[in-house]
Amino acid sequence: GGASGSDEGKGGAKQLKVAALFSGSATDADYNSLGLLALDAAKKDLKAETAHSESVPVPDAERVMKEYLADGYNVIWSHGSQYFEATSKLAKQNPNVTFIGEFDDKPKEPLKNLWVLDRNFHVAFYPIGILAGAATKSGKIGYVGGLSLPFSYSEVHAMNQALKDSGSSAKITPVWTGDFNEPAKAQQITTQLIGQGNDVIVGSLNLGMVGAFQATKGKSANVVVTAKYTDKSQFDPEHYATSTIYDFTKPLNDMITKIQGGTTSGYYPLGFDSGVSIQEPKNVDPAVAAKVDKAVADIKSGAITVEKNLTPIK
Amino acid sequence: MNEATSFLQLVVTAMVPFILAAQGTMIAGRAGVFNVAQEGLMMLGASVGFLVSLKMGGNLVGLLVAALVGAAFGWFLGWVTTRFRLDQFVIGLALFFAATGIASLLYKVVIGVTLKPPLIDTLPDLEIPLLSSIPVVGTVLFTQDVMVYFAFLVSGLLYWMLYRTNLGLKLRSVGENPKAADSLGVSVARTRIWCSTAGGALMALAGAYLPMTYTGTYTEGIVAGRGWLAIALAFFGGWRPQYILAGSAFFAGMEVLALRVQVGGVDIPHQFISMLPYAATLLVMMFALRWASVPAFLGRNYDRESRH
Amino acid sequence: MTTTATPPTTTAPAKPAGRRGTDLSWTVLSYALAVLLAFVVSGIVIAALGHSPVDAFRAILTTSFKSSFGFVETVQKWVPLVLLTLAFTIPLAAGKYNIGGEGQLLVGATAAAAVGIILKDAPMVVLLPLVLLVGVLAGGVYAWIAAWLMDRFGVNEILSTVLLNFVSFGIVDYVASEVWSDPAAGHPTTVPIGDGGLLPLVGTPPMHTGVVLAVLVCAATVVVMRRTVPGFELRAVGTNPRAAQVHGVRIGRVAVGSLVVGGALAGFAGAIEVAGVHGKLIEGMQSNYLLLGIIIGLIARGNALAVPFVAFGIAVLEVGASAMQRTADVPSEMVLIVEALILLFLLFSDVVGTRLRRSSR
Amino acid sequence: MTSVDETRREVREGASGPLLTMEGIRKTFGSVLALDGVDLTVGRSEVHGLLGGNGAGKTTLMNVLYGLYRPDSGSVVLDGSPVDIRDPRDAISHGIGMVHQNFLQVDTYTVTENVVLGTSLPSWPSLDLDDPAERIAELSKRFGLTVDPHAKVATLSVGLRQRVEILKALYRGAKVLVLDEPTTNLTPQEVDSLFGSLRAIVDEGMSVVFITHKIRETMAVCDALTVMRDGKRVGTVRRADTSASELATLMVGDDAAVGRVTEVVTAGMGAAAGTAATGAPARDLGDAPVRVSVRDLVVLGDHGVPATHGVSFDIRRGEVVGIAGVAGNGQVELAEAVAGVRALEKGAVEVDGEPLAGRPTAVWLESGVAYVPEDRHRDGILPSASIMENLVLGAQRSVRFRKGPFVDWKAARRHAEEAIRAYSVKASGPSAPAAALSGGNMQRVILARAFSHRPGFLILHNPTRGLDIPSTQFVYDRVREAAAEHSAVLLMSEDLDELTHLCDRVLVLYSGRIVGERTRGHYDQYELGHLMAGLEDTA
């Protein structure tokens, strides 16, 4: 059978077969759609043969990747840090296939055939923290997360750093809905955050974000909301402030090109010059927007180093 | 608006899907049809309700079509379990699978991949004249969207129909002792099919409400187990509309309260807070013997020529 | 008047010896027919969506067999499926609906992982049995909560087991993100358990030996159900609880016992997933095993002998499902529809079969 | 809806000729031929008896008439015109009413709700039951069927529930009223009152089909009767032209067979109750010691209220003690309590000197208690299990059928083969499922199980209900045998004929108390009926 496919054709200009794993539906207009767009771009630009699996539960990731291996795919991209464990495990077992894994840190022991994409979510949350601190009048900022994962903690820490750096005394209340994709809970919890006087809501959710916007949409409340991954302004143009925009097209293109060139391993940190941007803030003072721009510029220039702190917040 | 009012308003909104799905479960169950496809039918209702509202413009059309689709599923369950006496549990699960699959498939086919998901308007609040100006109550109960009124109205109507009309007398007898009902000329099959149809419609409406109040769009996690909880709620409410209404308030209250506790900054891990509603329900059930009855023929098919 | 929801037991009545042969062939025929029809109908849907039904079904049906790796994956998937099916059918034999296999699996897995992490330096002879045993115990205890509520307070077991599933999600999330969280996992996941707690692997590609344990459990279930006194009493309660009670069987105990045993098997499944597949506790590791288990149990009509085979069929389907999406680009939701159709047609073929059989007499 | 008055007018004005004719009715259940081309003709204003042993097909025939069963073939003519009855709704609209053998009532409803169920009400859509309740009261009065229209049926006695059933039919304006074995469970006095009501009903122009297997009853109330056997009609006669012994011969088949089952047939044959079975003189038990002692027994019913209030009695070795009473007076609870199935609230039960109160059922079984429950389908058998498994049930933990934790199926099979032979069970073998057995054969299996325990104390509750004549005789023989082997036998039956026939002593149970006792030689059924109805013991 095709099980031996991964062993043959070493080196040379072999046909690229790229497979991707997504955690949810690729039509989510969020993290997974971004993944599919990047994959489609790779297909077009690099003439790669591509395939993907949607809604792959974490425990199934290993099996699904093995199936791609068996089908002779030679680049396997698992889109989401929840797959990183399974990905590095398979990378060790399949030295002839190149894997692209996502992670929220620099791995301690790099593998020869594993590209690590560090999403560095904290970096983008520093300017968000600047924005929140500058925009809040009540001094209360609500952070709505899903699961309390290390990367979520790093986002809150980065915001706190920003508040501290900018001399703001505003306080962040982090809350967790328990699910990145549960909009109803996000709506309820956001409503209550606003009720408690929080006037900047920082969302770190996937599909749940849609619910958070419904808490403000059509309401006269003096609140701004920030989101993650994609432009979400249409959900509530009145209260939408900004979003940390991610683009996986360039990183994926870069990595695959390198892989074609024979570099089968590396560390690819996301940052403001590689796939991340902050959308032009709306509904806030131009002065606030300027502070955000400055923060981004400072991070790019190295004037500011955003500390990556993955430890739980007390 | 003060804190308590906004809290109660959230609770009332959160009650709606519970009320509709559980009353749908109840009405089918009172006639003996045990529907277990709630979770799927709610997904389908959400998907269809959203897509139709989007494409045909107007939430009411969306709600109507969602109800019709749910009714079709309910009808199918009623029909095959009476006409062919197929196992209700198995058919229910099959319908759950089918509805779940179709819900996402429809969205994929109609919308596809986009970074700008289309949105519909959520349901506007309708202030009931006079009543809405009562302090607190007016805001909590009478400044709500149309589905809130509908859910309460349906509960009231179901109560009235079950206990105050001849139709209800017949309906309940079909779930308690179908043979007796049959021997008196009450059509067991027809009653069951109708109730199951109505139940399916209510479940789909429960689902359709979610995009129309919480998101303005269909998302895959939108139902998030509320369908399964509706089954629990039907048992919790002893299969009676008035207790189900009370139970919905309890479930929804717990759901919102659990989040409120976090927002208030109570130092309990959020995972424990999220267990609160379920654990509380179990605790309440320990003292619920008095009202926790179940229709005698729930889930059992009736065969006129069998001796049992 | 009975006040519990007890749809008639799904266990098929025993058949007179003489007709067994023809009945078996009828059964096989009706199963085959149902699967065939389900594929035809979903094939039409797939074609209507603009994909190739042939590719789709080739993927579904061959993934498990075209490579030894696919086969191993299928077998490993079969393990939790078969155990969760038994977790459903054993209480069902006593007329109780255990809808809590999901929670019992998770709690079993949590306990197994906890032991594996706490005693991570213990040698295998100590740790592995301990990990499995604790998983079994935890699953049993978790089911016992529902059983106790049922026995002591008359709380309907469908209600309590459903609610306990939701509670277990919180438990797993807490343990995997707060207690022994692995910060590098990017998902609520615990750190790995000690090597001594891992089930040995055999063959290439490696297959965990939990499979053997599951086979043993299946065999033991059949023997216990058919040959032993408790099995006999369980079946007696299942076929007629009143008669069993009148003849000295303590039906309350049997019902409670069956739920606890069911929970223990689900907990065992959790422990095997931890010790054999993941090596740790992962949020979401329950997958959709609960629903598939119920479906398998119902398709097999509660027959302990049929369960492993039906479970294998569903495992093939599940493993094939993702392959279908990969290779034929058919949306994975299609598999749900195929499964629903198989169930529907299976029941229908039963009706048709009964009618044919009757008219052929 | 037609009212009773309109019915009467219609019938009076209608053509002459029979009111109802059923022709060539054939009905099969799977492979069982239940009705084999049966004809039935019921005249106007007559009580028509439908007589036959159990399983003869009486109920099936009437269920066909009522639209509950679809016949394979045959036709029904009502009032001169052929009718097609597809379901009970059709039957009701044609003026057919039926009181079923097992009452079909919704327990949680009131009398009025049960009666109006399925009819349309003028108060549509709301449910206003005042007018119907009044009409029910009026009908009750007119036909001597008094019952409180507002009572929940679950709280009513069997006799009253039966009235509700008849009222249901009358309320719907029945022209033909079918009563399926209505006298089971009634005291002789209640039977008389029922017969009075039936006469009142036919006097108003309706006809009644009265199903029974008691010759005496048909002789008491019927104008004409049809005898059925094995799914066939074996004859239709006018009461005036026949005799009890002719009917017995028709029922059983031939004179020789009558001889073999005399006891059973004669028990229900006497021309009037009371005169027939005063019974043989008392049997001499000598100074046989007490084997079973029951003291101050209090047991709770299913709803948590006491069902018996301090019942005490002794049974001696070899003695057969009967419990008479109208169903619902605590029989089930008493039977289950002394069988160790239901927990005792208070009191003591000793078997052979061993106190058993508070012990698990299994211990009672080991101590020699054997119980043949009233409802064999519900309490007696495991339908989908084999005969062999059914015979093991209750003894699965005894050494006879056990090897360590395993059931010794070899021993079980040997035992089953033996039992099938000894009890003449008609079955394909030990592996045949119990559900496939006929009622009589099922009861044989249950008896075989009870007797294989070599019972010291045998409790039988309605052991012959639903059995055909030979099977009933078989049960009678076994009871005698058990007594001869020194068992203490407690026989609870709703059939007074059976009690007076078999028992050395009859205790009357009313409202959970023993209200009277009669010994063999002093039986008078009216007197017993008097006690059963809760009236003072005048003896």
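Worth a mention:
Chains: A, B, C and D, in written order; residue numbering restarts at 1 for each.
Simple rule for what comes next: contacts are C-beta pairs under 8 Å (C-beta built on N, C-alpha and C of every residue); 3 or more make two chains touch, one makes a residue touch a chain.
Protein names from UniProt, one per chain: B, C = Nucleoside ABC transporter membrane protein; D = Nucleoside ABC transporter ATP-binding protein.
Only a predicted model underlies this, so the values are computations on that prediction, with no experimental measurement involved.
In this structure, the chain pairs B-D and A-C differ in their number of contacting C-beta pairs, and the larger number is found at A-C.
If you average the Cα atoms of chain C and of chain D, the two centres end up 46 Å apart. Averaging Cα coordinates per chain places chain A and chain C 35 Å apart. Separating the CA-averaged centres of chain A and chain D is a span of 76 Å. The multi-chain contact residues of chain D, meaning those touching 2 or more other chains, are 107.
Under the contact definition stated at the top, the residues of chain B that touch 2 or more other chains are 104, 108, 176, 271, 274.
In chain A, 55, 148, 178 are the positions where the chain touches two or more neighbouring chains simultaneously.
The full set of touching chain pairs reads A-B, A-C, B-C, B-D, C-D.
On chain D, the positions that touch chain C within their shared complex are 30-31, 107, 336, 339-341, 360-362, 364-365, 371, 373, 378-386, 389, 392-394, 396-397, 402, 405-407, 409, 428-429, 431-433, 435-436.
Only residues 63, 66-70, 73, 77, 169-170, 173, 177-178, 181-189, 205, 273, 277-278, 282-285, 287, 319, 322-323, 325-327, 331-332 of chain C touch chain A when the two sit together in their complex. Of all residues in chain A, those touching chain B in their complex are 24-29, 33-34, 36-37, 55, 142, 148, 173, 175-179, 181-185, 187-189, 191-193, 195-196, 207-208, 210-211, 214, 217-218, 230-231, 234-235.
Per the touch definition, chain A reaches chain C in the complex via residues 1-3, 19, 51-60, 63-64, 66-71, 80-85, 102-105, 107, 147-151, 178, 310, 312. Put simply, chain B touches chain A in their complex at residues 3, 6-7, 10, 14, 104, 107-108, 111-117, 119, 122, 210, 213-217, 219-222, 224, 255-256, 259-260, 262-265, 270-271, 274.
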